[in-house]
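Each chain gets a letter, A, B, C and D, in the order it is written, and its residues are counted from 1.
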Amino acid sequence: MSLFFTILILLVIIGFPFLLRRLQLSRFGYWLLGGYFILLIASVVAYTFIPTEEFADEEELPTEMTNRIYLVHEILDQGVPLEEFEQYKKKEWEFPVGTEESFSLYAGPDYQFPVIIIKRVEDQEAIHVDYYEVTPEIDVEPVHEEGEVTVYNHSGELTIEVLGYKLYRFNSMEKGFPFNQFEEEEDHSWIYYDVFDDERMFYITIPADIELNVDPDMDVHWLN
Amino acid sequence: MSLNKMDLSAAVKKQLNYKMKVYVGMISSLVIVQVIGIFFSVVSPLQGYSTMDYVEIEYMNYNTLNIITLTSLWALIHAIIMTTKNEWENAFPFVGNTLSNHLANMIFLVGASIVAGIVTILASFTVRVYLYYFTDELFFMSPGFVLNGGDLLAGTVTVILHFLLLCAIGYFLGTVTRLHRLLPVLLPIVVIGLLITINYINHDWMMNTVEFYYGETSMAVFLMKIVVTAGILFACSIAISSRTEVRK
Amino acid sequence: MIDPSGGRPIYIQIAEWIETEILNDNFKADDKVYSQYQLAEMFTINPATAAKGLNVLTDENILYGKRGLGKFVTTEAKAIITDKRKNEKLKGLLTEVALEAKRLQVGEGELTEMLQQAITDVKGD
Amino acid sequence: MKVIECRDLTKRMIGRNALNQLSFTLEGDKITGLIGRNGAGKTTLMKILAGYWHETSGKVEVFSERPFQNLNVSVNAIYVDDQMKFSHTLTLEDILKEAARFYPNWDTVLAERLFDYFSFHPKEKHDYLSKGKKSTFNMIIGLASRCKLTMFDEPTTGMDASVRKDFYRALLKDYLAHPRTILLSSHHLEEMEDLLEEIILIDEGQVVLHESMDELKEYALGITGRAEILEPLLADEEVIYETRVGDYSTYAAVKSDSPVIQKAKQHGMATGPVPPNDLCIYLTAKQKGGIDDVFK
């Protein structure tokens, strides 16, 4: 795409002067300017009809965003109760098991590791998996979504499938030179905000007497 | 038949009128450069891509810098062209002298800078309007999309002064190169050389110079800096060629 | 009429041309002759040259000037011209004939005979 | 009023003096021929008078002002040559319109009539005109501008014979209607000598002769005679030009008041006027003799 544009740009730049001379366009300079000016004025008029409120105020953004970061670390390091994150819970599974069984935990197959926090609980007969997902908290649907998160018990192998991805597309408009010439601070265009923060977390509760073999590549945290 | 009198202001007036006809091509190329600038502002945003685990984010940052860059080139190149031998001689079949010719050229360039500045600022509306109404692209959390009155004033003043500075630089360089026949070859080599080596050698003075003008945050001081600089460059151009003979 | 490439000065040719016009009665006594500007335009010559031609004729009393009105033919113009041509032009021509005759070693008798023949031829026309 | 005054005017160009202590004065509304060989300094002089070039030393005044870059001179003097350049964005029509704006005395009717007479097309471009057409067009500008000092440098370059004739006639008619100082430089002296009131003959940057045309025609006499008789007569006298014709005859040009003429006439030698064009060639000859001497 960019190659195409580069070639196009070259063609235009090289070709235009010739075309200009050929068509004797240069004689109509002031007419061209007049026409162009009308177009510009028309677009200014059109601009006034754009509801500018819908472009978020730069002040509101950062506080909202910082609320959600360091999700896992808050649980691990600061002992934030899990209930605080109830709103991000997307799915849960339960697998009944007998005592003194052995399980392996497998996530895969494509190298997208969720964070898994495992907690051992006394007197419980089922493995409980909760899935929490944090996505950019913005009013936009992903333009592309593929695959689904599932957890299943395959003869003693607890498999977490995290195939697929979500694609978001954002646009921003930068003011840039010359509008920012007399502004002290940087131009706040959208990409400067940390909206990319996302995290997935599987919170697994297993009976205390169940053995669990964990794939060493996975980011697994034991809570106790 | 009695003798006619012609004072400088009358000569400049007539010359200016003549320049406006002669340099009509400069006006059409301004329009074309602007349209190309708008086109590229719309089709080639700065693209970014980031992926974190399962979330992929594509972001496109639109700006109107293409218009400014192309129009800057236009200003620079046309100011240089004005000083070429050919254009210079074209101005002399009729009444005038070097000074009146210079002054007419400069007034024309000032006018052209103002026109170019105004259309450049208006074109940033055109880009926004096109993106908003004619594409599916969504804009939000993009405060840069909104232009307010203060932006407009500051932007217009800045960009006009910016084009004026480039015109003055181009005009000065063009006049200097006419001093010696080797200069038209040497000067571009020096300029391009500086631009190439900028990656390897730290041209502090260049950065400082750019910073001196474009790091200025007070509008009054910025205006003064540019106007004084352009004035000096124009005055030097006049001084350099005051003894120049025409129509060799 | 006027021969620009000829060796003789144009103003003399102009004077002679006006003389001829007077001889041919195209201009009579007290008629206004062409002004220097008319002459200049007629023959594509500089008006100063034409003026000089007119002045030559004025000096010879063939023309007289009225201030601001132009040049006019004098009453005795025709006589002066005839006289002048006889005395100067004819004599000059005859001198040349004599010189040429000398170069060609034509005798006096032979020359007179030729002259008489020429006179008869012109009359016969 | 003095239209042009030059005193000891010198112009140094690339190691030589294009004009060397040149002095002359031009008064009144005359048509003056500026005659000289190639490189004699005609163009240099005219460009200095037009204010395009500056003098190296000496005094030059046009309408009592120094012409270099002088607007008052620029508006009252026009210099027309075949190097005139106009912007390629202008059509011939535009150029005439522009000229009309610049020159206060511009005659639109004359310009249009000449334009039509020489069948120019209003939308033509100056760059694309043939050499002769270019000269014709430039001539229109020179005439219609009605400048008090109108200078034509080789105006007939490339013109065919009939256009040349038209040009001279147009020049004269316009001069008669609007007398002004016209300076004409040309190689074709014989073609325009009737038009001129006086000539300035320059050679190697100096004025050799500044005479009225009538006097120029009587300035010198040519004598043809037997070499063995004529040559001794010339021996101690000022001779403008001398050449052998055949083995026995000699042709010599001497000043009209030279005592040689009387003596020659006594020897029965033929005398005759020297055409101005030849006289100018003789007066500016590099040395005695001519191209024939090269082949000796």
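We take it that a residue touches a chain if its C-beta (ideal position, glycine included) is under 8 Å from a C-beta of that chain, and two chains touch if they have at least 3 such contacts.
Note that the structure is predicted; figures quoted are calculated from it, not measured.
Participant: Decide which interface, C-D or B-D, involves more C-beta pairs in contact, and give its chain pair.
Facilitator: Output for the comparison: B-D.
Participant: Quick check: how many Å separate the C-alpha centres of chain B and chain D?
Facilitator: Roughly 48 Å, centre to centre.
Participant: What whole-Å value do you get for the distance between chain C and chain D if each is reduced to the mean of its CA atoms?
Facilitator: So the centroids are 31 Å from each other.
Participant: Distance-wise, how many Å sit between the C-alpha centres of chain A and chain D, to the nearest whole number?
Facilitator: So the centroids are 87 Å from each other.
Participant: Go ahead and note the Å separation of the Cα centroids belonging to chain A and chain C.
Facilitator: From the centre of chain A to the centre of chain C is 114 Å.
Participant: Please set out, as single numbers or ranges, the residues of chain B touching at least two other chains.
Facilitator: Within chain B, residues 24-25 contact more than one other chain.
Participant: Among the residues of chain A, which ones contact at least 2 other chains?
Facilitator: Counting only residues that touch two or more other chains, chain A contributes 26-27.
Participant: Among the residues of chain C, which ones contact at least 2 other chains?
Facilitator: Residues of chain C never touch two or more of the other chains.
Participant: Which pairs of chains touch one another in this structure?
Facilitator: So, checking each combination of chains, I get A-B, B-D, C-D as the touching pairs.
Participant: In their shared complex, at which residues does chain A touch chain B?
Facilitator: My answer: residues 2, 5, 9, 12-13, 16-17, 20, 25-30, 32-33, 35-37, 39-41, 43-44, 46-47, 50, 52, 54-58, 61, 112-114, 135-136, 138-140, 162, 164-179, 181-184, 187-191, 193, 195-200.
Participant: Which residues, counting only chain C, touch chain D once they are in their complex?
Facilitator: Where chain C meets chain D, its residues are 4-5, 7-11, 37, 40-41, 43-49, 52, 99.
Participant: Please name which positions on chain B make contact with chain D in the complex.
Facilitator: Spelled out, the residues of chain B in touch with chain D are 1, 3-8, 11, 14, 17-18, 21-25, 86-87, 89-90, 92-100, 243, 245-247.
Participant: For the complex, which residues does chain D have touching chain C?
Facilitator: Chain D residues touching chain C: 30-31, 168-169, 172-173, 176, 190, 193-197, 212-214, 217-218, 268, 272-275.
Participant: Could you pull out which chain B residues touch chain A in their complex?
Facilitator: The contact residues of chain B facing chain A are 24-32, 34-36, 40, 43-46, 48, 50-65, 68, 115, 119, 121-126, 128-133, 137-147, 151, 154-156, 158-159, 162, 214, 216-219, 222.
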